[in-house]
Structures are given as C-alpha cells and as structure tokens.
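The structures come next, written out as structure tokens.
Look at the two complexes coming up: chain A is in both, with chain B in one and chain C in the other.
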Partner chain A sequence: MSLSESLVRLRYRVLPDHVLGELLTKKWVDSAIPFAALVLVIAIFAPIVPRFFQFGTISLLSGEMAELGLVVLGLTIVMISGGIDLSVGSTFALAVTTALYTMNVMGLSLGGGLAATLGVGAVCGAINGFMVGILRMRAFLTTLVTLIIFRSVFDIVFPQISTDIVMNYPESAAWDFLGMGHVLGLPTPFWVLAAIALILHIVLSRGRYGWRLLAVGGARRSAHNAGINVRWTVFSAYVICSVLVALGGFHFAARIGSAASDIGAGMELQALTATVLGGISLGGGRGSVAKALMGALFVLILSTSLLALAIPGPVNALILGLVLVTAVFLDVRWVKNRHKLLRAVYISPTFNKLPPAISTTEGPLVPNDRLRASEPIGLGIMDGAEDAIFDREGNLYTGSRHGDIMRWFGPDYTRYEIFAHTGGAPQGMAFDAEGNLAVCVGGMGLYQVSPQGEVTLLTAETNRSWTSIADDSVMKLADDCDILPDGRIIFSEATVRFEMHDWYADALESRGNGRLIVYDPKTKTTRTVLSNLIFPNGVCTSYDGESVLFAESWACRINRYYYAGPKKGRLERVIEGLPGYPDNINRASDGTYWLALMGSRTPALDLSLEMPSFRRRMARRVSQDAWLMPNLNTGCVLKFNEKGEILESFWDLGGTRHPMITSMREHRGTLYLCGIFNNRMGALKLPGADQDWCGVDSYWGKPT
Partner chain B sequence: MSAIRRFIDRRLGRGEAAITVPVLDGPLLPNAGLDEAAEVALLTYADNLVVTGKGLVASSGPRVIRVETGEEIAAFDADVSALAYGKGMLAVGLDGKGVKLRGGAHDGKSFATPKNPSALAFLDADTLLVTEGASQRRATDWRRDLMERGQSGALWRLNLATGEAVRVLGGLAWAGGVAATGSQKVWVSESWRHRVLSVDLGTGKAEPVLEHLPAYPARIAPAVEAGFWLSFFSVRNQLVEFILREPAYCKRMLAEVPEPFWMAPALASGLSFSEPMQGSQLRRMGVTKPFAETRSYGLVLQCSPQMKPLRSFHSRADGQAHGCVSAVEQGDDLFVASKGHGKILRLDGAARGI
Partner chain C sequence: MSLREPAQAGRHRRFRLTQEGVVSLIALTLFLAFALFLNNFMSQGNLLTLLKNVAILGTLAVGMGMIVVGRGIDLTMVAVMVVGVAFAIWLSSQGFGFGEAVLIGACLVAFCGLITGILIAIAEVPPIFATLAMASIVYGGGRVAFSSDVLYAPAGIGWLVAIGSGTFLGVPYSILILAGIAALVALFLSLTRFGRFIYATGDNPHAARTMGLPTRPVQISQYVLAALIAYAAGILMTGLVSGINTRLYNSTLIYDVLLVVVLGGISLSGGQGGVRNVLVGTVLVGILINGMTIMNFSYTSQNLIKSVILLAALALDAVINPRDEQTSQSGDI
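Entry: the complex of A and B
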C-alpha cells in the first residue's frame, strides 16, 4: 500500500464526513443562524457597553424582554400561519391606554383591568382576523391599514384622557407587584413570559392547534384538503397575536405607569426584525418559540446597547432596519438552498478498496449461459420479487413492489392469489417452526404473516447507538432474515442512512452503514448484534447450529457470525474478493449454500472506490441516471460450502432473462430465481439435486 | 483573474468545468432508423464504405471486401483506417503506415506521412485530402486520445503527381473526417471538440460551422443531392464529460484499467460484464431503456450543403447498430457501416432526399 493511499484511508477513517449531512437533517439547525447572530451581538456589545453583564442590567433587560417577547411571540403565531401583522404597535398603544385608563382612572381591580385590556386586544385581533382570515384580504395591506386606523383611534382618544391618567394612581398592590415586583431576582412579567412561552412551545410543537397552524402556513390548499378549517385557523392566529400584544401592553403600563403619545410607534419594525432574524420564515409554516425568543433577545440587546452608547434614535432605527433586510435576505437564501446544501453534503463516499476478485477466467466461476435454460414464472405479473420461499405444500411465496405477498400455486406456478398485504416492499422471507412467515419489509421493519395471511408487526425499532447523530433506532431497510433454531429471528438492515429507493446512493458511499439485528419473539426484544457492516444483505443460518452466514454486498464478501457455541459473538470471513456483489444466501439440498451475485464488479468502479473524493464530486455534479454503478445487468448464482469454497456457478451473460438476481431458492429439484427489478421469476431444473428436498424441512425437520 | 475564475468554475461546475451535454433534439430527435434498416452483410469491424467501379466495398481490419459478394479485393499488412475512391483510383489509409494508392493514374504510389490517416477525400484527380486523428497515435487508439484530450490531429494535402505532402492545419482535437465541397474550402470534423470546421486550403484558416454537437463526429460523406452525411463515434455522456475533468481518476483509469472496461465512449457496449454500468442502464422489467445513458450509440446525420443539420437516423441505447462511423450513398439508398456491431445496413430511399 502506497503512502498516499494510506493517507486517504486514514483521512476517511478519522474524519467522518457523513456527520455533517446528518447534522443538517436535524430540525434545529434552522436555529443555527439566529443563535450565531445572538452570540455575535453579545460578543460585539459586551466589551463596549458599560455594565453589560451586571445583574441590574440583565434584570432590567428581562423586564423589557417580557413586553417585546410577548409581541414577538404573537407575531410569530401570525407568521407561522402564513400571514403578517403590522398593526402590533398600534394595538400595543391601545392596550396600554386601556390598561392605564381602567386601572388609574376607573380604578378597576387587576383582574378587571387585565380583562378589559385583553378584550381590546382581542377586538383588534378579531378585526384583523376577520378581514384576512374570513374575507381573505391581503395580510400585508390589511394590517397596514389597521395600523393606521388603530393609531388614529389612539391619537383621538389619548389626548382626552391623558391628563386623567397622569392625575390618578391605582391603589393596587397586585398592580405594583406586576410592575415593580421581582421573583427570584427577576421581574414578575418575565416569569409570565416564560410561562406563556412554555405553553406556546408545547402547543406549537406537540399540540393539535400548533400542527394545524404550521400546516396552514406551509400549504393552505393542502391544509384545506386535509380537512383543516383554514379560515378559522388564520382568524384565531390574529386574535391570539393581538391578545398577546395586549398582555405585553398591560405589562408595559404596569411598569411605566404612564404613557406618551409615541408609545408603540416603530414596534412593528422591532418585532418583525426579531421574528425574521429568529428564522420565522416570511413564507409561513416554519418557526418555533425558541427562535422567536432568540430573535427578540437579539433586537433588545441591540437596541438597549445602542441606547446605552447614546446613539440617537433615528440611527438606532436605521441599524434595526439594516438588520431586518439582512435577516430577510438570509431567510430567503436559507429556505431556498437548505435542501440543496443537504443534498450536496449528505452523500459522503468513503475509502473502500476491495481485495482482488476471484478469477472468472478459470475455475468454478467461469461465465456460462446455464441460467438461460430457466423457465419463466409469472412473466409480466411479477414486479419486485426480491426473495421467494416455499412451504411444504409446494406453494411459492414472493413479494411485490405494491406491498403484497403473492402465493403462487404449484406445481406449475401459473395461478396466484394475494396472500397478504404489508404495505411496504417485502424482501427476505423465512418460515418458522409453526409455519409463520417472517418477512423483512423495506421501509417498515420485520413482520410476521400467519398461515391465515394475517400480518403483524414484530419489530420496527432497535436500540439506538450511542454515537449516532441521526436517530438510527428506526429501521430504514430491513433486508433479509432467517430464523435460528431457538426461534429468534436474525435479520440484516442494509443501511441506516438511506431510504430503500436510494439504495444506489449507499453503494456509492460504500460505508459500513448497515447492521445485523436479532429479534427474540419470546421476550419481544430487539437488539443490534453487529453494526458498521457494508450493506449487509443475505442472511442464512448455518447447518452447524451455532452460526449464521451473511453477505456484505458492497464489500463483496461473506461473513460468519457465531450466535452460540464456543466462538459466540465472533465474526469470521468466509469468502473475500467475490467477483460480484453478493445478495441473498439460501440453503442447498446437498448441505451447501446458494449465493446470488446481483451484479459484477467492474474495474472502473473498483478504481473509484479507492477515490472517495471523486465519487463525492460525481454524486454532486452528475445526474443519478449517469452515476457509475456496479454492473447489475450480469450476475450469477453460485454454490459454496461451509468452508467458503466456491463449487459451481450459473450465469446469464448480458442479463437477457435474469439481470440483477437478488435471490434464489431450491425446492424439490428446481432452482427458483428472483430479481427485484425483473418482470419474472425463473425456474431452472437441477437434475442432480435431491428431488424431494424442501427448505422448511431442512430447518425444522420432516413433519411427523 | 482567469485562474480565480477557473477555480470557482471547478467548484461550482460552471464554464469549462460544466459537464452538461446538449440534448438530442430538433433534427437530432432520436428514432430507431438504424435499427429498422435492412441488414446487408455481417462484417466484423465493418468500416470505410466506398462506392467504386466494382460496386460497394468496405474494409474489415486489414482487408478490403466487396459487400455484395463478400469477396476480398485487397489485403494489407496493417488495418485499413480510411478509404476513398475517385477517377478509377482507390486510396487506402493504413493505420500507422500512411497512404497507398491502387489503380488509376497513380497506381502503386504511397505516402509515409501522414502516418495515421483517419479519413480520405479526393479534391481532384491529383490531390488527396487526408486527416490524421493524432500525429503519434493510430486511428484505432481514438479512445485513448479522447480521454487524454489529445489535440495533435491534422489535415494534410497530398499531391499525387509530385509526391508532396503538405500539412494544411494542425492542432486539431482529433480530425475524424474530411469532405470536399467543390471550392477551396473543405469540411473537417474535429471530433473531441464536437464540431465541424470549414478549412480554407489556401490559407489554412479554419472556422467552425457546426458546433455543440451532442456526439463525436467522425467521417463526412457527400450526399448526391448536395449536402453531407455525418457519421459519429458515439454520443457524449455526462459521466464521461465529468471524468474528462477529473484528471486524477482519468489518468489512473487509463493506466490501470484494461481498455475495453474504461468508462469512455465506445463503438459498442454491454459486451462484457466487466464493462462499467451507469444507473439508467439497468434492465428493469426485462427492458433496457432506449433513453438510458450510454457509452455507444449509432447516429448518422444528414446536413445541408451549408452544414446545417436536416435529419438523422439513430440506434439508441437498446439498439443493435452502434458505432456507425461510415456512411455512403449508392443510388437511392444510404449504406451505413456499424463498426460496433459488425454489420452493414441499407436505408432504402434515404438518399432520395427528404
């Protein structure tokens, strides 16, 4: 091995590129930008603003945070629903006026004042909501108009009552506590905000209402088609928004105790900057409470810091405006390009130099056309027969792309019935001692079909590995299963990183993305026994009663795993350097094993396996249709014994009848061939084989 | 500045680094014309169709064969890489050995340069035009030249009377075909740059007349109805374009992988299980998609006298007439040699015009 090759090998072992792609699939990466912005603004202002980190400053800040935070949360709800509310500042002003008038002048109790204030907010919100949600007017223009109307109402009313407000002061301890009081060192309103934020977070992320809101914002028509009352949802969003704004106003009134004529002016700019910067998409359907609060904190720190630095108000507003423009730009670019970025970095091939291939020019693997003698079964009906199995009565069971398990009736296999429907893509199958069929269903997990055709889920989850970034407890591609003598089901999961239809992306990666899992029906537990396998595929229990054979497709090798006996838990190589990509393994009548090679290795692809960066660029730049892939048009079926010696092979050069052979099953002197993308199965007579042999008997003995 | 741009282009796959391939559309809209054509003869490595006084002849390796009877007319000590007939003379290009003349006024003459002729055309009774694919590479080594981005092709003018050989134009990325037009300007196909040039024999100046072809043009044969038949090695393939821009992989592939198994254009494909396969080539439901990506293709294109594409005949990814590098008219019919699949095809009435 050359030095440069060792370096490449080391680099791909030490630096796991695939982690980056998995990080990007996380929902919380959306918060990365607002979080970075928050850190940035703190880093900038902490050194230059006096007393930035002192408790008094933070306490004061948290009081203001309560007011702005409530407004931002309200706006967030409207924006998630796909709208916008520019009238928050005017509503805020009306709310403050109401609060002061009811408390100071009318002398209502705290509850009464609060109810009146929230009521005014609700009315403002209902006006907005009625026009936008029910009458379906444009949110932007409508709320721009209500911004002016509410502000005008405020301008008309406020001068008439301002003197009264200033002259009176409520005799309410609760009111004082709300305005001045502290709990655990922080202002009371802050705790109110914290409680509301927590409730909102739960509603938005876990509640029915939150999900509906996100659905309406994401796609109105789809939400409507899904039975969601879009009009009412939008209406309610505006009402909630204005009520939260009014609550913010109430806090403000309690804290300041008086009002000026410019109250709430420009608040929409602050709130909008906070939401957009926080990553609440202007297009709707994306956003969370945490993001909104991060945005609000950013804006608050920015504006109070600028104030502390004695920067004039207009300049302050200008800076805020520039931040808003930047945030809108980032929001658009991020939403538009996030999936592109994910696509570009998700596929991360690794170094996978294969050992030299076993010769196909001499020995048992010399190509021939023996498979061309096969008789087709279900020509034109089969679609997705990845594996097949026979019961003692000679019925043939196989899967289809539509999620069915078909039962073909012997001996000629011209008639069939739908035996069961799984809903996924049935792959490997095995019969247990009671005649139940264990089936691996791609995208779903391990299932069991009773002799009556009832489908039950055995397992779809295994233990999550500690080091995984993406959640790998759910099964993406259960591939082939077999049943141990004690009844436990051992099965392979080919890849944890890709869905079934993206299997060739896994081939391109050639990383150990797969695992071997054992399900114990007695305890109903699932446990991963081996992981980091390179597309583990066929599984077959050995005749020795203590090990299973399994294939690693992209590594071109067959392994043996000991589940019992003195070598329990050990892994051994049985065959290395296969000239093709091994798929299913099944028992043969003479005490050996059948192995399907789904395709052949090609020197051009083998070379690229040593050059991961070449494959990564190929995945990014070249269309999937043109990717370099294993030569799946020519495969073969071969026979090997317990020692791993290859005994003979059956080929179909060019794949005229059987391209991409994924499995084969011997039954009463005939070898049946399967191909997941073929429109048929094949039956090849084996004159020398035991004409009475049935696989079920080989596992569970002849029926007595 | 340009270095920076190249760097950015390489990152983003723009400009020179773009691997987009023009689509087969308009006059190049795919059909199954070549697959439906009548099979006249099976002939391994059928190439260089020429109509002589004795009828249609073709080359097969070192032999020249009469198509109708299958009788051997001549045999040489090297592969016949080009043929031309005019005024009773048969000009024969021999791979790595130069040009020889049989019959007519200049019978028996031979030229050692250009050494690796790829196409021949008579300009007049005493002048022969020769293209040389690459100066140091045999015509059969065209795949290596393509993958190494060779640009040492040339157009030569041979004076048969004096024995003088003049290089008219050099530095071509494989000169694959030549045709006379009746004026001082001749057509030359520059294969690896996917274009046809108009070359002025007097000044040696070249200008592209047909560019951005989705395939690698080979020989150019005159059509009686005024116009030309353009034949092609193969279509361009996105993955090949990508590999051409991946020097590290390309170099190792050329050095370590046996030539038949290169991921490179070919005259025929799918012959061995060790050949590379691309995703869309997988046979699904018993069918090879005709629109799959492919390394080999059959394409003959008719162009107007001004070299504007008019119509084309195809053998697509699932077809059995790939690598059609030679075409010639005889009477109303067009004969096409599929070198990749070793046969000669007849397109009835194709030469009668559209």
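Entry: the complex of A and C
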C-alpha cells in the first residue's frame, strides 16, 4: 500500500464529511443564521454601549423582552400559518388602554383586568381571523387596514380616558407584583413569557394543533385536501396571536402604569423584523419558538442599544428597515437554495478499495449460458420481484413494485392472486415455523403476513445510535430477512442515508451506511447488532445453528455473523473479492448456498472507489444518468459451501433470459430466479438436485 | 350546451354590474347627496379644493394602479414623494436653480425606485416587504438629511405658481396634469408592448417568465416609473401648498392611495383593471373625504371611516375574486 493511498484512507477515516450533509437536513440548522446574527449584534454593541452586561440592564431588558417576546410569539404563530398580522401594534395599544382603564379607573381585580384585556385582544384577533381565515382575504393588506382601524379607535378613545387613568391608581398587590416584582432576580413577566414559550414550543413541535398549523402554512392546498379545516385553523392563529399581544400589553401596563398616545406605533415593523430575522419564513410552514425568541432578543438589543447611544428615532427606523430587508433577502434565498446546497454536499463518497476479483477466466466462475435454458414465469405480469419464496403446498410468493405480494399457484405458475398489499416495496421474505411470512418492505420496515393474508407491522424502528447525527432509528431500506431457529428475525437494512430509489447514490458513497438488525417477536424488541456495513443485502441462516451469512453488496464480500455458540457476536469473512455485487443468499438442497450476483464489477468503477474526491466531483457536476454506476446488466447465480468455496456458476452472458438477478430460490428440483428490474421470473430445472426438497422443511423440519 | 353557453354568458354580462360601475354609481349618489344636503359643497371654492386634492391622490393612485396591475404593491410612494421633493427644495436652497434641483431630485427618486425594483425583481423579496422596509429606509435617510419637517419652495418660480393656481379654460392646471399623466399611463398600458408585458406579468409571473418575457426588467422599470409618478405628485403638491411637509409620511395617505386603487376595481391578484378604474376610485374617495371634511369629522374618525370602507372593498374583492385553495400559492400573503 503506497503512502498516498494510506493518507487518503486516513483522511476518509478521520474526517467524516457525510456529517455536513446530515447536519443540513436537521431542522435546527435554520437557526444558525439568526444565532450568528444575535452573536454579531452582541459583539458589536457590548463594547460600545455603557453598562451592557450589568445585571440591572439585563434585568430591565428581560422585562421588555417579556412584552416584545409575547408579541413576536403571536406574530410567529400567524406567520407559521402562512399569514401575517400587522395590526399587532394597534392591538397592543388597545390592550394597554383596556388594562389601565379596568385596573386604574374601574378598579377591577387582577383577574378581571386580565380577562378584559385578553378579551379585547381576542376580539381584535377574531376580526382579523374572520377576514383572513374565513373570507380568505389577503393577510397583509387586511391587517394593514385593521392596523389603522384599531389605531383610530385608540386615538378616539384614549384622549377621553387618559386623565382618568393618570388620576387613579389601583390598590392591588398582585398588579404591583406583576409590574415591579422580581422572581430570582428577573422580572415576573419574564417568567410568564418563559412559561408561555415552553407551552407554545411543545404545542408547535409535538401537539396536533401545531402540526396542523405548520401543515396549513407549509402547503395550504395539501392541508385542505388532507381534510384539515384550513379556514378555522387560520382563524384561530389570529385569535391566539392577538391574545398573546394583549398579554404583552397587560405586562406593559403593569410595568409602566401609564400610556402615551404613540404606544405600540411601529411595533409591527419591530416584531416583523424579529420574526423574519429569526428565520420564520414569510409564507409559512417554517418556524419555531426558539427562533422567534432569538429574533426578538436581537431586535430588542439593537433598539435599546441605539437608544442608549442616543441615536435619533428616524435613524433607528432606518437601521431596522435595513435589517428587515437583509433578513427577508437572506430568508428568501435560503429557502430557495437550501435543497441545492444539500444536494451538493449530501453525497460524500469514501475510500473503498476492493480486493482483486476472483478469476472469471478459469475455475468455477467462467461465464456460460446455462441460464438460457430457464423458462419464464409471469412474463409481462411481474414487475420488480426482488425475492420469491415457496410454501409447503408449492405456492410461489413474490413482491411487486406496486407494493403487492402476489401468490402464484403451482405447478405451472400461470395463475395468480394478490395475496396481500403492503404499500411499500416488498423485498426479502422468509417463512416462520407457524407459516407466517416475514417480509422486509423497503421504505417501511419489517412486516408479517399471516397465512390468511393479513399484514401486520413487526417493527419500523430500532435503537438510535448515540454518535449518528441523522436520526437512524427509522428504517429506510429493510432489504432481506431470515429467521433464526429460536424464532428471532434477523434482517439487513441496506442504507440509513438514502431512500430506496437512490440506491446508486449509496453505491457511489460505498460507505458503511447499512446494518444488521434483530427483531425478537417474544419481547417485541428491535436491536441493531452490526452497523457500518457496506450495503448489507442478502441474509441466510447457516445450517450450523449458530451463525448467519450475509452479503455486503458494494464491498463484494460474504460475511458470517455468530448469533450463538462459542464465537457469539463475532464476524468472519467467508468470501472476499467477488467479481460482482452479491445480493440474496438462500439455501440449496445439497447443504450448500445459492448466491445471486446482481451485476459485475467494472475496472473503471473499481478504480474510482479508490478516488473519493473524483466521485464527489462526479456527483456534483454530472447529471445522475451519467454517473459511473455498478453494472447491473449482467450477473449470475453461484453456489458456495460453508467454507466459502465457490462450486459452480450459472450465467446468461448473451442477456436473453435473466441477465440481472437479485435472488433465487430452489424448490423441488427447480431453481427459480428473480430480478428487481425484470418483468418475469425464471425457472431452471436442476436434474441432479433433490426433487422433493422444500426450503421451509429445511428450516422447520418436515410436517408430521 | 356548448352552443348555449356563450349566449347565456353574453346575456349575463349585460346585466352584471362591474365593481367599476357600482363605484361610479355610489360616487354619483354621494355627489348628489352632498350637493343637496351639504351647504357649502357646491360652492366654487369647495369644488376647486376637491379637484386639487383629487389631483394629488389621483396621480399617486395612477402610479400605484400600474404597480398593482403587475401584481405588486408600492408602499414607498409617499416616502419617495416627500423625501424626493424635500431633497429638491433643499438643493435649491444650496444654490442650485430650482429647475436643476427638480431634475436631480428626479434622479434620486428614480434611483430609489431602481433599488426597490431590484430588491423585488432580482432579490425576489416579496414586494410588500421590500417596499415597507424601503419606505422606512428612505424616510429615515431623509429625516437624517433635513433638519426641519416642512420645507418651503423658493418664491417666484413661475411654473410652480401656475401649477398651484393657474387655470386653463377654467380647469385648474393640477387637474390637467393629472389628466395628462393618467392618459399617458393608460396609453402606455394598453397600446405599448411593454404595457402588455405588465399585464402578462401580473396575470401569471411564472408563465410570463417561462414564455420568455423580460419580467425582471419589466418589474424594475415599473417601480422606477411609479417612483417618478410619485415625485410628480410631490411637485404638484408643492405647487398647490407652496411647500412639502415630510411628516406626511406618517399619515395614512398611502392607504388612501391603496383605497382608491382597490375601490376602483383593480384586483390585488394583478393582471386586471386599468387607469379608468383608478380615476373612478379617485373621484369616489375625493368626494368622500371632501364631504367628511365639510361635515366636520375629525381626522381620526375620517381615518376610521375610510379604513372601514377599504376593508369592505377588500372583502368585496375577496368575494368577487376568491382565493382558490387548489391554485393559490402558499406564500401568497
């Protein structure tokens, strides 16, 4: 091994560049920009604003944060639903007036005043909600107009009661506590904000209502078609928004105790800047409480710092306007280009040098045309039969691209019925002792089909590994399964990084993205037993009762994993350097194993596997259909024994019958061939084989 | 069925009232009612005031109407108007001739419009945000530059005085200017290729772009044009009241302009309507404001009434051109 090769190998072992792509798929990555902005504004203002970090300043700031934060949270909810509320400033003014009037002049209790204030907020919100949600008017203009209407109402009402407000003062300890009180050194309203933020976070990220809100904002039409009541969801968002704004106003009233005629003016611009800067998308569907609070904090620090530096109001507005334009610009660009960025970095090939291939010019692997004698089954009817299996009655079961499991009736297999419908892509299959069919369904997980054709989910989730960035508890591509003598089901998951239709991207990466998982039906638990496997594919329990054989496709090798016995938990290589990509393994009647090679290795791809940066460039610059891909045009079926010696091989070199083979199954003297891209199966007579052999019996014994 | 349909539609059309028609009727009714029941409404002085007020509002609304036809909105118009004119007046106080100053002001205003247009067309910031933020930026910049709120035009500029008080065959110049601008924009929209592009862009921006129309240049020049029209309105205002009050930005004038456009029947979904709709809306709003002023409504209650009417107009727009759940875009706010 040369030095440069070792360096490349080391670089790809030490620097896991697939992490970057997985980070970008995380939702919280969106928060990176607002967080950076927040750090930036603190870094700018901390040195030049006097007393920036003193506790008094922070305490005061947190009090103001309680008011702005509630307004921003309200606006966030509306924006997530796909709308906007510009009337928050006027609603705020009305709420403050109501709070002061009910507390100071009418002398209500804290509860009464709060109820009245929130009531006014709810009415304002209901007006907006009715217009935008029920009548489906345009949110921006509608709330722009209600902004003027509410402001006009305030302007008419306020001068008449302002003297009364100033002349009276409420005798309420609770009111004073809300306004002046501190808990743990921070103002009371701040804790109210914290509690509400927490509740909203849970509702938005985990609650049914939050999900509906996100659905309506993200894809209004789909939400409508999915049966969500779009109009009332939008309506409720406006009501909640205004109630939160009113609560903010109540806090303000308690803190300041009086009001000026310009209260809440320009607040919409402030709140809007905060939300957009926080990364709450215009147009809805994206956003979170944490982002909203970060945006609010940013705006608050910016405006109070400018105030502390004695910068005049218009300049303040100018800066806020600039920040808003920049934030909207970044948001629009991010939403538009995020998936392109993700595409560019997600595929991250790694170093995977294959051992030299076993010779195909001499020995048992010399290509021949023995498969040409096979007879087609279900020609033109079958579509994507990845695997097949036989029950004791001689019925043939295959999967199809449409998610069905088809049952073909012997002995000639011309008649069939839809045995069950899984909805995914049925792959490997195995019968248990009770005659239930275990099926790996690509994109869904491990399923069981009873003899009556009822489909039940066995497992779709395994334990989450601690070190992975992406959530690997979900199953993306369950591939082949087999059943251990004790009834546990062992199955392979080919890749955790790609969906089934992107299998070639996984081939390009050739990283150990796959794993071997065991499901225990007795305890109904699922555990990953081996991970970092390179596209683990076929799984077959050995005759020895303590190990399973499995294939790693892009590594071109067969391994043995011990689940019991003295070597329990150990992994051994059985065959290395196969000339093609191994797929399913199944038992043969003479105590050996059948192995399908779905395609042959090519020198160009083999070489490129040692050049990860070349493959990355290819993935980024060349369109997918021009990538170097595993050749899936010509494969073969071969037979090997426990020691890993290859005994014989069956090819269709001319490619007339079964060039591409993903699985094969021996049944009563005939070998049945499957190919996931074929429109048929094949049946090849094996004159020398046991004419009475059935796979199920080989596992569970002859029925007595 | 297929044969009867056009006939039915034709008959239907004959009896259907367009929004424009309804608004004209209401304007006429209001005018008659005010003429009958308000004492000073029909006096010559009041009618002149009405027409002059209408001139500024109408000019702004013509610009806004052109933007809305292209599925945009321009909230910067008032900010651009006051800052642009104030800048020109300030320049003339710095020793420039007033004519030169006005030309330089026009360049500044066109530049503002260009920035807005670029933000909208190329940076793809939604027009409503781009213009809202630009308005705040332009006005903030203006306030930094000019120390006083009110700037008075230099005395003795003949043409400026003429705009303010001159008449031609008994019609004030200001109205003639409005008519001129309206006619120009109307001809521009309906006769030139560029005008058709605006309609196409407003009707379906994606389709227009896919077709190969130069949607970005069209949008940018729309905003430049709108800024220049706003500037013209500002000059008009300077002529009428011999100065400009930059605090006008804080008033609800921009919403009055929107009110005119939406009331006149230009749908905010774009691609429909024209200058005629704007003029009809202008007349109605002008009569309304004038009547309310004579009836001694306070500024605030006038705002309230106007906004409620605007809201009703928007609701009507939403009912007549309802949002289609299957085709409307999610991000369309």
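The working rule: the second predicted complex is superposed on the first by the 702 of 704 C-alpha atoms of A that agree within 3 Å, B and C clash if a C-alpha of one lies under 4 Å from a C-alpha of the other, contacts with A are read in each partner's own complex, and residues count from 1 in each chain.
Assume contacts are C-beta pairs under 8 Å (C-beta built on N, C-alpha and C of every residue); 3 or more make two chains touch, one makes a residue touch a chain.
All values reported here derive from a predicted model rather than from experimental measurement.
Visitor: Which holds for A:Val315: it touches chain B only (first), chain C only (second), both, or neither?
Guide: The second partner, chain C, only.
Visitor: Does the superposition put A:Ser172 against chain B (first), chain C (second), both, or neither?
Guide: A:Ser172 sits against neither chain B nor chain C.
Visitor: Once chain A of both complexes is superposed, is A:Met660 in touch with chain B (first), chain C (second), both, or neither?
Guide: Only chain B is touched by A:Met660; chain C is not.
Visitor: By the touch definition at the top of the document, which applies to A:Ala626: first (chain B), second (chain C), both, or neither?
Guide: Touch status of A:Ala626: first partner only.
Visitor: More residues of chain A are touched by which chain, chain B or chain C?
Guide: On the superposition, C touches more of the residues of chain A.
Visitor: What is the contact status of A:Thr541 with respect to chain B (first) and chain C (second): first, second, both, or neither?
Guide: neither
Visitor: After lining up the shared chain so the two structures overlap, which partner does A:Asn679 touch, if you call chain B first and chain C second: first, second, both or neither?
Guide: first
Visitor: Check whether A:Thr495 is in contact with chain B, with chain C, with both or with neither, and answer first, second, both or neither.
Guide: After superposition on chain A, A:Thr495 lies in contact with neither partner.
Visitor: Per the definitions at the top, what is the overlap between the chain A residues touching chain B and those touching chain C?
Guide: On chain A, the chain B and chain C contacts do not overlap at all.
Visitor: Under the stated contact criterion, what part of chain A meets chain B in this complex?
Guide: Contacts found on chain A: 367, 383, 504, 599-605, 607-608, 611, 614, 617-618, 620-634, 653-655, 659-660, 677-680.
Visitor: Please give the residue numbers of chain A that touch chain C in the complex, ascending.
Guide: 82-84, 131, 135-142, 144-146, 148-149, 151-153, 155-156, 217-221, 224, 230, 269, 272, 276, 281-285, 312, 314-322, 324-325, 328-329, 332-333, 336
Visitor: Note which residues of chain C are touching chain A in the complex, please.
Guide: Where chain C meets chain A, its residues are 73, 119, 123-126, 128-130, 132-137, 139-144, 252, 255, 258, 262, 268, 298, 300-301, 303-304, 307-308, 310-311, 314-315, 317-319, 322-323, 325-326, 328-333.
Visitor: In the complex, go through chain B and note every residue touching chain A.
Guide: 13, 19, 237-239, 242, 246, 248-249, 252-253, 256-258, 261-263, 270, 273-286, 292-293
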